[in-house]
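Please find the structures below.
In the two complexes below, subunit A is the common chain; its partner is subunit B in one and subunit C in the other.
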Partner chain A sequence: MSGDRTPGRPGRRPSLTWPPLARPLHPGAWWLWALGLAVAASRTTNPLLLAMILAVAAYVVVRRRGDAPWALSFRMYLALGAFIIVMRVAFRVVFGGGQGDTVLFTLPEIPLPEAAAGIRLFGEVAAEQLLGGFYDGLRLATMVVCVGAANSLADPKRMLKALPGALYEVGASVVVALTVAPQLVESVRRVRRARRLRGAAGKGRRALRGIIIPVLEDALNRSLALAAAMASRGYGRTAGADPRTRLITGVLVIVGLVGVCGGLYGVLDAAAPPLLGAPLLLGGGAVALAGLLVGGRRVRRTGYRPDRWQPAELLTAGAGAATAALMFLTAGVDPENLYPSLSPLSWPELSLVPVLAVLAGLLPAFLTPEPPRSAATPPAAPYTGGATGGPGAGGANRTRPRKEPVP
Partner chain B sequence: MTAATPPGATPGATPPHPAPDAPARTEAPSRAGGPDDLAAAAPPAKPARPAQPAPSAPPMKRTSAARPRVTALRVGPRAAVTLLVASLLGLAMFCWPLLVPPQPQGVAHAAQAPLLFVVLLPVILAVVLAELTEGGLDPKTLALLGVLAALNAALRPLGAGTAGIETVFFLLILAGRVFGPGFGFALGATSLFASALLTAGVGPWLPFQMMAAAWVGLGAGLLPRRPTGRAEIAMLAAYGAASAYVFGFVMNLWFWPFAIGDGTQLSFDPEAGPVANLHTFFLYTLATSAFGWDTGRAITNIVAIAVLGPAVLATLRRAARRAAFDTPVSFAAAEPQGARRP
Partner chain C sequence: MITFEDVSFRYEEDGPAALAGVDLHIPEGELCLVTGHTGTGKSTLLGAVNGLVPRFTGGHLRGRVTVAGQGTESRPPQEFAHLVGRVGQDPLAGFVTDNVEEELAYGMEQLAVRPEVMRKRVEETLDLLGIAELRGRALRSLSGGQQQRVAIGSVLTTHPSVLVLDEPTSALDPTAAEDVLSAVLRLVHDLGVTVLIAEHRMERVLQYADRLLYLPGDGSVRDGTPAALMPDCAVAPPVVQLGRAAGWSPLPLSVRDARRRAAGLRQRLADLAPGPAHPGDAGPGPAAAGDPHRTPIGEPLLTARSITVTYGATVAVRRVDLRLAAGEVTALMGRNGSGKSSLLWALQGSGPRRAGTVEVAGGDPGDLPAAEARALVGLVPQTAADLLYLQTVDEECAQADAESAVASGSCRELLDELAPGIEGASHPRDLSEGQQLALVLAIQLTAAPRVMLLDEPTRGLDYAAKRRFGAIVRRLAAEGRSVVIATHDVEFVAAVADRVVVMADGETVADGATPDVVCSSPAFAPQVAKVLSPLPWLTPDQVARALTAEGADPAAPLRHEAAPR
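This part shows the complex of A and B:
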């Protein structure tokens, strides 16, 4: 938004200056990048590679996250990952059942009764067990942290814009939810102040009811007022769809779901022919998705400042895809270093291709525009109303960079 | 399902509702209602009715028989079929560790199954929600859905982390009870979606949580209509406890093979049959979450429904009445203006 228009350049073109202007990236790009990293992580248990993937994800997050509330969630995901690893290792210690040769230490055994399938607790703890739990846990933790990276980089409200048109109403109500949730805090505060002014006691069951019920009543009244406001502004005008589209939608959806049913059967029954499995499953899903898209055509809406896929977005998504693809390539060429051996315990080693694969995921940290900071630009709520720009989206009339014909 | 409500019954059922308490609260509708209260704004019916319901019933029972069934979100036949098929599919996806074939050769066959499910469940959920809202959502339903989802999303972090005190479900159950199964389903899904967006909790687990919570709301809407008063609260509390355990059970079941990996005695064993795996899973869920999280969730539900239930139910019903979902809306041409212009 800075420098509306440099002479001689149409406003739509992405800026060619370097470093590029600060702007938030399309959330889809971040999700594709993170899913690429997660897929790559799922293909290996090599702790060195997994640690590299973790480092790459963390570095990109630190470089490219904004200062919105969701950007702070990355730490939570790191804690979750640590919890997963600890859980896995602890399970191996408690329920391990004494597999493995290199016994590290022996705990007193507790045999359980027959109803518990003859499980015994504790006993010998072997290094193979612990390491196996650690490797597996680290892999899952890395995948979870990759998802966390996407969560802290991608703007959830912008993501709502990408909902297909058939989910327009549900998206709109989620937008209402996201808008109302912060107001509830204020509502609670108001009710408590009113209670204090009346000299009501602040504790106990009565106080809880005395706060929750007025807040609920307030919220419900607000929702009806909002509905009246929406109706009076013509919301729901497009409710009718022509019968042919409805029929096509219905047929596509039902056929798609039945296809998914067949595919599910094929996947879960080993005797079924392979064509009945995953292909049918995905095909049914695709048909149902097509029904969703056709059904969405009844809602015609315009996008306010639509998110465009520019080179930076393509590069980010491409980096993730490259990481995943290179890792798959390695799995075909030399799979030994991807799954370090446990049965003779050996030190995990790195080979060149997977390292390059993981490093490809680092590119967005340098080649994408920086996110806007609140010091320079207004906070990250320029788009209001997410999916719709409709309900509750009053105010905040930002002017779009003007498009004027080039002289 | 609920679409089977006889549509002819609804417009007539609403106006007589305030009639039985006629003398004591004559002015109540006009005071509480105001111009926006369409349901209560039908006073002419009042004097005609007072003899009809037996006034000997205790005041608690008064609302029982005549209480109109509110369906904030009508589930049409097509949506009902979609919902049914999708629920079956979802259930199979939750229970995949038990359904995977026991032969060793089936392992490679079904290895990608959970990954496929993670991709497909969002599609299925989206299709169901789209079908539920097909034909446009009433603005009042939309706003109520949004506001209740916001309340749920705000309630969720209150208890998160403290040993299973999970506060999402009680309002979901009560709202499903009042507004019907379709609304309960949509509310369960949107609540968890909004909450995940607010707390940056989007991930592969989200569709599963949404589906399970949607079932909780759906089931609350499908409970028998008859009980009222204390019996209703008791029924809802029992449902809250049961649904808490079932929710924990299916969420555990789906994630069980990932949660502890293989190589322990409580691990998922692809070569064992479903019965053996179910046994192992019972032990796993007992060891991990049944006593802690699930019981905590059940107790939270019971206590919250028992303590706050009556008041919250009354509040929600008042809102449902004021929203007047079942009132038919019709537009008529304004004659004088049409006459003026030839």
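This part shows the complex of A and C:
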């Protein structure tokens, strides 16, 4: 799928197909794009801009998500966003504090003892107060939805594969854990069912023991078998790194990542001291990168069909970066419209640059290749994951998509 | 290619030797079958090839094992990844990734094979094993045979010169096993891979094996061609046993060999009626001594009417009627997913049942609490060990007595009858497969059900253990119980069952006396029936007894063939 563009023969230009052939985009590109949108959202409380960002994210997701299970998670993030907004507004109503002059309605106030001075329950509800909550909530919700967009567009497993070599072990254990989890669920079901055959002696701790011991035994056996299988297939073949290198790698990566976190905080929080911002971010990034490079040097391993950065990926990541950068630019030049005034209340307005910034985020919806749909690939079997339980699924016939699942 | 130089191995310093003074030299391109009873060190021998033994198992290895000149003493198993490909019993337990293509590429990624080469090899391997249409599928959604072929493919992509297969088909139904073994044979013939295979369905590999390694159990390894070792090898497929009974030399290794030689034997047997397939003297119990061929159908114990089991939209069992009579052993056959297990669980009452009624002693086990249901119908599930959770055999027995509210010691008594000599202090999980099965069976029998259902009990049992288990089953029946066994094992069915019910797609497609059902289709027929067809003989024991009874000298029977009594 990544090799869809035939290498040009001498004397012939490589024919660019349009629309591009369907292929999954590098997950990293989607993440950069989504983070760009999220950063942009963090720089404004203008509901119009935030709504635009939401619309852009949702549109791109609808146009470019595949049909894998994680692609359906976007709806969940939208619900989460709505929940965040509702909570924010509700809190403003409950602990309103009564700022603002435009009183909409008055709720009976609950008197509190002296000790809780400064906290007010209910009372007058002002438009400023509600709007403030709404704007805040909307900003947070938009950022969450942006992350959700990345989650539903990018294949999490391919993302793990794209991890730098030094983090390979971490990625491998996550992948293994992901595959083992359904097996564990399956053995719990199987054992619970089998226990009924012994008259399901007792409940509570006794029953728990009857379930946990066979399940643990199963899990232990499986992990030993897996370890042996991985070793005989060459896993850890080049892990002959001396402990010192490992220590250096670990320290560098962790210190670097802490630096990156601090730096991000500095960049995103406008009130933070300037030294805590970009310099710390860049410094941390550099240290972490050095750690990954040191760690990566000892790795001799290749990747099967790695995702490559092609023009479409660059464009997607670039679109996200452009949105964030333009928004930052506006924040420096013309901040009024990014933070619409609450007192006096004013109708939020849009200016050209932020609108262009947000629209830049829409480009991937049109300029990237479509994701491959499994309908186009030969009869893909439904993933029977959870339904493979059944009376004997653990041992012999853990086989065809079984028809004997759980009660 | 592989050499063992005076190799000895013990799991514990002062424990018994799993391998003792083994000297072996296996040249390139051989198909080598490793055989022996369970627990004689087959897995140890196979694991030693790439150093998993002792590095992953613990224990003390003396001597030297080399593959292509590289010794396992100085290098970890990882360093053998390009030389030795290893596939175990349960493919799912060894999968690292979750889809077919990535699984095939995994080994190569570890060996840092260049991406272009990887791409090509994955395609080649997909074709070689006939799994190209599965490429993007999730591994868990594949059938057992497909999974096992993917597992073989995933070690082949690194182009190993040795393939080690530890009972690759023991968890598969016959068709799937056939697929896997034919893939292996193709590798041997087309690629010249050296294959070391431990396989309990010997009858399928024996005829192709260049060499047989027989482990008698004392830690030694006997090494020779199948024809040379078979005459006195304790583990032998039915066709070889038939050859022994008929006194043929050299022994036939395949049905084809035997069939070509059997004309005389068929003539001799033509006028004889086959004796009972399940001899009364096979077990230690006295009960079945005078067992006639077909146990007369006794009183009906269980009557099931139009049992239906569904899971969502899938119909697992569709309107199945079943009557079980006292003293009868019924085999339930059919491919994986045909509804055998669902039917058993529904009959016992613990599993889901959408419609239909079950009547046992006037009650319906599905409507009763679990403790009462198990006193009517007992069920031993496919993974019998799921029922065991205590520290010692004695504790399990005591627990079983308490569960069934019977006098203490009842379970232990049953266990001693079924499998004498299991130490009470041993941990249930340290027992062999056969002993575990006996323990679970004893626990279930403690509740004194008159109907006993066994789901795939013979999986993982070797020929001898199967024989012992067959005797146990016959005794249970002789004591007036009705036993149902879901199984794929035709030879076991031929030797033990009175009646066979075949299921397909949730429905009963055949139901009748064992010889009638089993001999009516070549796919289901046991080896002896294939050799002696159209005569209805099922087991080598039957033939041996008939020949002995005939008074002929079994060592030279064919001279008398013209004068049957």
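Criterion: the second predicted complex is superposed on the first by the 274 of 407 C-alpha atoms of A that agree within 3 Å, B and C clash if a C-alpha of one lies under 4 Å from a C-alpha of the other, contacts with A are read in each partner's own complex, and residues count from 1 in each chain.
We take it that a residue touches a chain if its C-beta (ideal position, glycine included) is under 8 Å from a C-beta of that chain, and two chains touch if they have at least 3 such contacts.
Bear in mind that the values here come from a model prediction, so they are computed numbers and not experimental data.
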* To do: Using the touch definition from the top, say if A:Arg190 reaches subunit B (first), subunit C (second), both or neither.
  => second
* **Partner chain in contact with A:Pro273 - subunit B first, subunit C second, else both or neither** => neither
* Given the touch rule stated above, what does A:Gly133 touch, subunit B (first), subunit C (second), both, or neither? -> first
* Asked: What is the contact status of A:Arg305 with respect to subunit B (first) and subunit C (second): first, second, both, or neither?
  -> second
* **Partner chain(s) touched by A:Leu282 [first = subunit B, second = subunit C, both, neither]** => first
* Would you sort A:Ala231 into first (subunit B), second (subunit C), both or neither based on which partner it touches? => both
* When the two structures are overlaid on chain A, which partner does A:Arg222 contact: first (subunit B), second (subunit C), both, or neither? -> both
* **Which of subunit B and subunit C A:Gly199 touches, first, second, both or neither** => second
* Does subunit A have more residues touched by subunit B or by subunit C? -> B
* Intersection of subunit A residues contacting subunit B with those contacting subunit C? -> 157, 172, 175-176, 178-179, 209, 213, 217, 221-222, 224, 226-228, 230-231, 235-236, 238, 391
* **For the subunit A and subunit B complex, residues of the former touching the latter** => 69-70, 73, 76, 87-88, 91-92, 95-97, 99, 116-117, 119-120, 129, 132-133, 136-137, 140, 144, 147-148, 150-152, 156-157, 159-160, 164, 166-167, 169-170, 172-181, 184-185, 205, 208-209, 212-213, 216-217, 219-224, 226-228, 230-231, 235-236, 238-241, 246, 249-250, 253-254, 256-258, 260-261, 264, 267-271, 274, 277-278, 281-282, 285, 288-289, 291-292, 295-296, 391
* Which bits of subunit B are touching subunit A when the two form their complex? -> 36, 78, 81-82, 85-86, 88-89, 92-93, 96, 99-101, 103, 105-106, 109-110, 112-113, 116, 119-120, 123-124, 126-127, 129-131, 133-140, 142-151, 153-154, 186, 189-191, 193-194, 197-204, 258-266, 279-280, 283, 287, 307-308, 311-312, 315-316, 318-319, 322-323
* To do: Sort out for me which residues of subunit C touch subunit A in the complex.
  => 50, 52, 55-56, 76-82, 84-86, 88, 90, 92-98, 101-102, 105-115, 118-119, 122, 133, 136-138, 140-145, 147, 154-155, 158, 171-173, 176, 309, 311, 314-316, 336-337, 339, 341-342, 344-345, 348, 350-352, 370-371, 374, 378-383, 385-389, 399-400, 402-404, 429, 443-444, 447, 455-456, 459, 506
* Using the touch definition up top, name the residues of subunit A that touch subunit C in the complex. => 157, 172, 175-176, 178-179, 182-183, 190-191, 193-201, 209-211, 213-214, 217, 221-222, 224-238, 300-306, 374, 377-385, 387-388, 390-392, 394-405, 407
